[in-house]
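There are two complexes below, and they share chain A, which is joined by chain B in the first and by chain C in the second.
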Partner chain A sequence: MILDLHNHSIKSDDSRAKVENYCQWIRKRDLPIDGFALSEHRQFDSESDYRPLEDEYGLLILKASEVETDYGHVLVYGVNEDMVAAFDFSRIDLPLSLVVEEVRRCGGIAVPCHPGRTRVGMVAHVHQRGSVEGVEVIEVLNGGSRGTENDEAGHLAEEYGYRGIGGSDAHIVSHIGRCATHFEEPIESIEELVSALQHGGYRALRPA
Partner chain B sequence: MAMSVEELRSRYAGMVFDSVEVEALAEEMVGFSTACGETDPRYTDPGHADFQAPVNFTTKYHGARMLPDDFPNFERARMIDAGKAVAWHAPIRAGDTLTARSRLYDIYEKTGRSGVMLFLVHRMEFSNARGELVSVVDWRLILRGGLQ
Partner chain C sequence: MSPRRYEDVEFGEDLPEVSPDVGMENVHRFCHATGMLGSRFMDHEKAKQEGLPQAIVPGIMSQGLLVAAIHAWAPGCQVAFVDTVFRAPLLVDSHPLCRAVVTDKNDEARRVEIDLTIVNEVGETRVMGTATVEL
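And now, the complex of A and B:
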């Protein structure tokens, strides 16, 4: 099963992509992905119900978040009420250690994304200040990263033994499906995704 | 010491700080439509039965103030125009007098490759003489480095 684990919709302030348009694009282009996650910036979209779109297009649509920490941006999967109450998603200076610990305590998993990017990725921060305990998974393939940024993410994963996921980081419709994650076992819910990310059995890839 | 985002939001978000009146002239509506490449006669022909301003027409207007008078000072050179989003509510007809009220709709920070950015969302709400809301324009301004 292949899921694109990092995308943004119009719920994010810098995206113009509607979720239905993502679904239409995937089907129109026959992209080899089975679903995608929406990781809106600095918030969790608790309102939107994408189940009708899932049924209409036969895709799994999961909701996540992308928060901002002192080690760069971090994808958060398995967001729930306890997690939203545990820390302020809108802040841009969250300690990564706090995010990792609180997300784990609340039953989710935190995944630093685009680690190779300047300032908003964790590679440079790790080199300056050391690694952060509790990180187990990072995004090693990001569709919006440039040059050698994904290579740097891969090197970080090798050095620290992190597992790797892939996500397109799409902000416009045509960018979905550029990077994704292949899971050995089927996933049907956010809980199953969190469990899989915690236990392994997946790899990042470029589906197209 | 620079004000925090929470302080800025608490003090300025939602407060109407400017109000201006403008008149939507037929020739300006045609000129704007034509410049945008519009070909639908509803927007380019004043003689059309449903002649009205194009959806993005209100983006041409500015208020008397960009920010509240007492907003903290910053170097204008660090400010970037991040674009405008328009929400259409009702037709603007030739000769309509519009009242445009400005407020800071949202204030927030984010981090990008270039560092911290402070976003100011300047909202202009346009109403016609009957008090009907016709258009809302959200203008995003980025202050690179935030308030320092």
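And now, the complex of A and C:
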């Protein structure tokens, strides 16, 4: 099963993509992905119900978040009420250690994304200040990364033994499906995604 | 009136790819025409002194190149809205490509949404955005 684990919709301030258009695009272009996650910036979209779109297009649509920490941006899967109460998603200076710990305590998993990017990725921060305990998974393939940024993420994963996921980081419709994650077992819910991310059995890939 | 009819446009339709001229001479012409005479746009060495890899294409020139690509596809259409995000500098004297694709249709308003990107020689996105176009 292939899921694109990092995308933004019009719920994010810098994205112009409507979720239905993502679905239409995937089907129109016959992209080999089975679903995608929406990781809106600095928030969790608790209101939107994408089940009708899932049924219409036969895609799994999961909701996540992308928060901002002192080690760069971090994808959060398995957001629930306890987690939203545990820390302020809207802050841009969250300690990564706190995010990792609280997300895990609340039953989710935190995944630093685009680690190779300057300032907003964790590679440079790790080299300057050391690694952060509790990180197990990082995004090693990001569709918006440039130059050697994904290579740097891969090297970090090798050095610290992190598992790797892939996501397009799409902000416009036509960018979805550029990077994704292949899971050995089927996933049907956010709980199953979190469990899979915690236990392994997946790899990042470029589907096209 | 646009010779391209709304009814003939399909979701997912690619607009013809355009190779815009972002050579120094053309950028100078743009800068003089618009009064944007910043050295970061017009002089590689001075741009480097500002910490840039070399001179960069003005953002509104990039927007103009993308809108020109839309008009080349649908002459006479009305570009009602264009919104761009500058992900990385577009370098003067580089050889980028403007790409655009229809990603939504609004039958009631007879408007289409178009994804816009400018990529560099290795396919990295430098500018991306969307446009709303009335046909």
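Here are a few things to note about the model shown:
Criterion: the second predicted complex is superposed on the first by the 208 of 208 C-alpha atoms of A that agree within 3 Å, B and C clash if a C-alpha of one lies under 4 Å from a C-alpha of the other, contacts with A are read in each partner's own complex, and residues count from 1 in each chain.
We take it that a residue touches a chain if its C-beta (ideal position, glycine included) is under 8 Å from a C-beta of that chain, and two chains touch if they have at least 3 such contacts.
None of these values were measured; they are calculated from a predicted model.
Touch criterion met: A:68 reaches chain B, while chain C stays clear of it.
Within the superposed three-chain model, A:28 lies in touch with chain C and out of touch with chain B [touch as defined at top].
Set side by side, chain B and chain C differ in how many residues of chain A they touch, and the one touching more is C. Contact with neither chain B nor chain C is seen for A:51 once the two complexes are overlaid on the shared chain. Of the two partner chains placed by the overlay, only chain C lies in contact with A:172; chain B stays clear of it.
In the superposed model, A:90 lies in contact with chain B only, and not with chain C. The touching residues of chain B, when paired with chain A in their complex, are 108-116, 119, 140.
Residues of chain A that touch chain C in their complex: 14, 16-18, 21, 24-25, 28-29, 144, 146-147, 171-175.
Residues 13, 41-42, 68, 72-73, 90, 92, 117-120 of chain A touch chain B in their complex. The touching residues of chain C, counted against chain A in their complex, run 11-12, 83, 85, 87-88, 101, 103-104, 113, 115-117, 124-125, 128-130.
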